[in-house]
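The same chain A turns up in both complexes below, where it pairs with chain B and then with chain C.
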Partner chain A sequence: MSPLVEALWQAAALILHADSDLAEIVGLSLAVSLGATALAALVGMPIGAMAALFRFPGRRALVVLLDALMGLPPVVAGLFVYLILSRSGPLGFLGLLYSPLAMVIAQFILILPIVAALSRQVVEDHWREYEEQLRSLGAGPGRALPTLLWDGRFSLFTVVLAGFGRAIAEVGAVMIVGGNIAHVTRTMTTTIALEVNKGQLALAMALGIILIALAVSVNGSVHAAKHVAQRWGGQ
Partner chain B sequence: MHGPQPILPLELREVVLALGGRRLIDGISCRFAAGLKTVIIGPNGAGKSLFLRLCHGLIRPTAGEIVWHGAAGRDPASAQAMVFQRPVMLRRSAVANIEYALSLQGLGRRLRRERVAEVLARTGLSEIADRPARVLSGGEQQKLALARAWALRPQVLFLDEPTSSLDPGASHAIEEIVRTLHAEGTRIIMTTHDLGQARRLADEVVFLHHGRIVEHAPAPAFFDGPASPLAAAFLRGELLWRE
Partner chain C sequence: MRRLAAAFAFAASLAAVSTLAADKFITVSSTTSTEDSGLFGSILPKFTAKTGIEVRVVALGTGKAIEVAKRGDADVLFVHHRPSEDKFVADGFGVKRHDVMYNDFVVVGPKSDPVGIRGMKSAADAFKKIAAAKAPFASRGDKSGTHMAELAVWKAAGVDVAPASGTWYRDTGSGMGPTLNTASGMNAYTVADRGTWISFKNKGELELLVEGDAVLFNPYGVMLVNPVKHPHVKAEMGQAFIDWLVSSEGQKAIADFKIEGQQLFMPNAK
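What follows is the complex of A and B.
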């Protein structure tokens, strides 16, 4: 049996037997990325909606900045958070570096522009379509905001999934601020990088399979959301 | 007449709307008293839709004044409604679309339910009340838009070419609803491309061309003998793009 096939069998065995190390790593990865995604949704959607509906000084600069930061390299986000949380940084006294919370912060910074920029687009598209009707009914941008968020919920769900997909798959930021410490800050992507460097492919392949399964699930959810939106909302 | 105090008459004084250096509405002055059905006609680009939007307050004029004489300091917006050429339906059920409009007016749940049930029944939409509004046919959506406007019990209803993309059956249904609304006291001000519809519905006609009122006359007088050569040419079916 070739080493590659042997590693694949071992990876399958790790998944099927729900190996405790594997489960711990997957659990931590999901907790960090879901936490970062939830935070980014809470902060990013209102920012996106405000940028879509209201005119204020600096709005155009904000929109350009959000669009530009959608392509923020994860290592840059990691470096930024590292500098802030390191012992000599402004928030170093909190002692958060090399903790899961630091990884949440790094992923939050990474995906916030994605969630905010895509939310802005969704809300703006809906506002463009609804504006005259809503204003005719007596609703200005402020009163229209909850309506637009509700009517755009399926599209916004897709936005959140895009943010989650980006967070769960990134390696650079969590490596820098988490330190890849076993049983503390070791995520799927950092473990894959480490195990490949060590030449131990079984765990790396098992985690790779799970990551791909997650990516497929996220995509499946996006398609399901679109299907539901078309069926119930006529979107 | 609906509402506590009438907001009419509506008066436009030398209203101008200029965009990009062009005067799309060019010094219009006119007055609309209560009671009639006014149909605004004119060739493409005459400014019919802009005229309605100005009256309804969706666009601010560049110059001139739009005065609701009966409003007496109150906001006249809540006593008006508008139905657009292409109905805009929220991504929710037919019922929820009407309820939403009523909730913006601050009506309580019980009153909303009663109003919704009433207008759905009167527009023949009760059967499709729970269906998503955006999957309804064009005719059903336009009827729903009218039902939504009706539920608001407006004193003045603006309609911007409400049947332009509908088949004759759906157009007939819309016209019947407009007649019923008018019979119940709602002032109708609408635009149309369809001269037949204008003849069927209009009590008075406003003929617009290049953002100006060329003729504002009672419907029988306008259709039997228009005072202006432009209106006469339009009624004969001539194209007015050069004038």
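What follows is the complex of A and C.
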């Protein structure tokens, strides 16, 4: 049987048997990446909105930096967090290395620039469109910020999904700060890397198929929510 | 605001989960050969059942594993490169090195064996032939125990591989598994530890060609990270793990670990 066909069978078998190890790994992957995405949205959107609306020294440099860091390699983000959280690093006393929280922090740093940079673009576009109108109502950039974020919420959904997609797919950062410890920090992507190391290519591919299915269902539910919200919430 | 609170609650619960489970575990910095072969999966539950201590393994190449232990990010170091281990202890990073087990490295290559090294008794002579024929050779290139053992064989063969890097000598800079995958893909010769080789599932056209040379001996050592250097090291539990590994019970667990009837590691604690 070709490995690709075998992978499909194995993926089906893993899901049908409700493999408990698999459930644990999927759960951890989702928890870590959703957690990192939530934090990145919380911090990144205001940063992006501020860079879009306010004029302050260093703004241009910030915009360039955010845009550039969208391409931050996961291993570099991971290495950075590792050096900070390592016992010999500045926050080593916290003992956070090789924990799920360390993985959330690493993915947060990885996707924060994506969320911030894309939010800036969304808010800036809306601001350009509505600036005159908002100003005529007496709303300067400060008053307009929440309005613009709310107004751009459907585009911001996609921004958040881009961040989530990056987080759930990366392996470099979580491998370094999580250590791929069985039952503690083993996620979908580190498991796939491990199975490739073992030469279990079909099993690795099966896990890859499940990961993709997972990403599709998360994106699908967000789109469904967006659709419902658009219908009932106007726009 | 609610989102903020939810996010904090989430982060806090993650932290709680990682610290709750935190009371009784040790972190072991070890090599890919012990983890990928399935050895730890087989023996660790026995230790945990007996002592209640959970063992968290971070599997890296020996070079990286030692670096992690030096930084204090592990309680126990379990690797396979004697000179580096002795240096680790001599520099005060480790308390004392214990013999645990050994196996050996094997030279593998394409079934067709174009260079004709099959069955040779001297690994160095086999390497000389590979170099003379400029046959593709995949090297770990990652400062792992296996990589350093491979370099020792090249030295014994009197071949300087540095200038050949990028031509017939392919430095993969990756773990044993990926290197075997690469070798399998390009029908190259390579060196593997026997444990990973036996358990590896993507052999393709690769076959074991040279074994049994003394230079291919592969001993594993275990040592506690020095609590004097790193006060947070869980010395008591770490030592309990080491004591168990070298006890008759731990040694038996190692000997009992077999794949397809083959024993992968030979216990040799004194």
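Points to keep in mind about this one:
Rule of thumb we're sticking to: the second predicted complex is superposed on the first by the 203 of 235 C-alpha atoms of A that agree within 3 Å, B and C clash if a C-alpha of one lies under 4 Å from a C-alpha of the other, contacts with A are read in each partner's own complex, and residues count from 1 in each chain.
As a convention for this text, a contact is a pair of C-beta atoms (placed from the backbone, for glycine too) under 8 Å apart; a residue touches a chain by one contact, two chains touch by 3 or more.
Just so you know, these numbers come straight off a predicted model, no measurement behind them.
When the two structures are aligned on the shared chain, A:Y130 is found in touch with chain B, with no touch to chain C. Residue contacts after overlaying the shared chain place A:D151 against chain B, while chain C stays out of touching range.
Looking at the shared chain after the overlay, A:S20 reaches neither chain B nor chain C. In the superposition on chain A, A:S2 makes contact with neither chain B nor chain C. Taking chain A as the reference chain, the count of touched residues is higher for C when chain B and chain C are set side by side.
In the superposition on chain A, A:Q200 makes contact with chain C only, not with chain B.
Common to the chain B-facing and chain C-facing surfaces of chain A is no residue whatsoever.
Partner chain C is touched in their complex by these residues of chain A: 31, 35, 38-39, 42, 86-89, 92-93, 95-101, 104, 179-182, 184, 194, 196-201. Touching chain A in their complex are the following residues of chain C: 3-4, 6-7, 10-11, 14-15, 17-18, 21-22, 27, 32, 36, 41, 56-59, 71-73, 175-178, 180-181, 184, 199-203, 230, 232.
Residues 53, 56, 58, 77-78, 81-82, 84, 88-92, 100-101, 104-105, 132-135, 152 of chain B touch chain A in their complex. Residues 129-130, 132-133, 135-139, 143, 147, 151, 229, 231-235 of chain A touch chain B in their complex.
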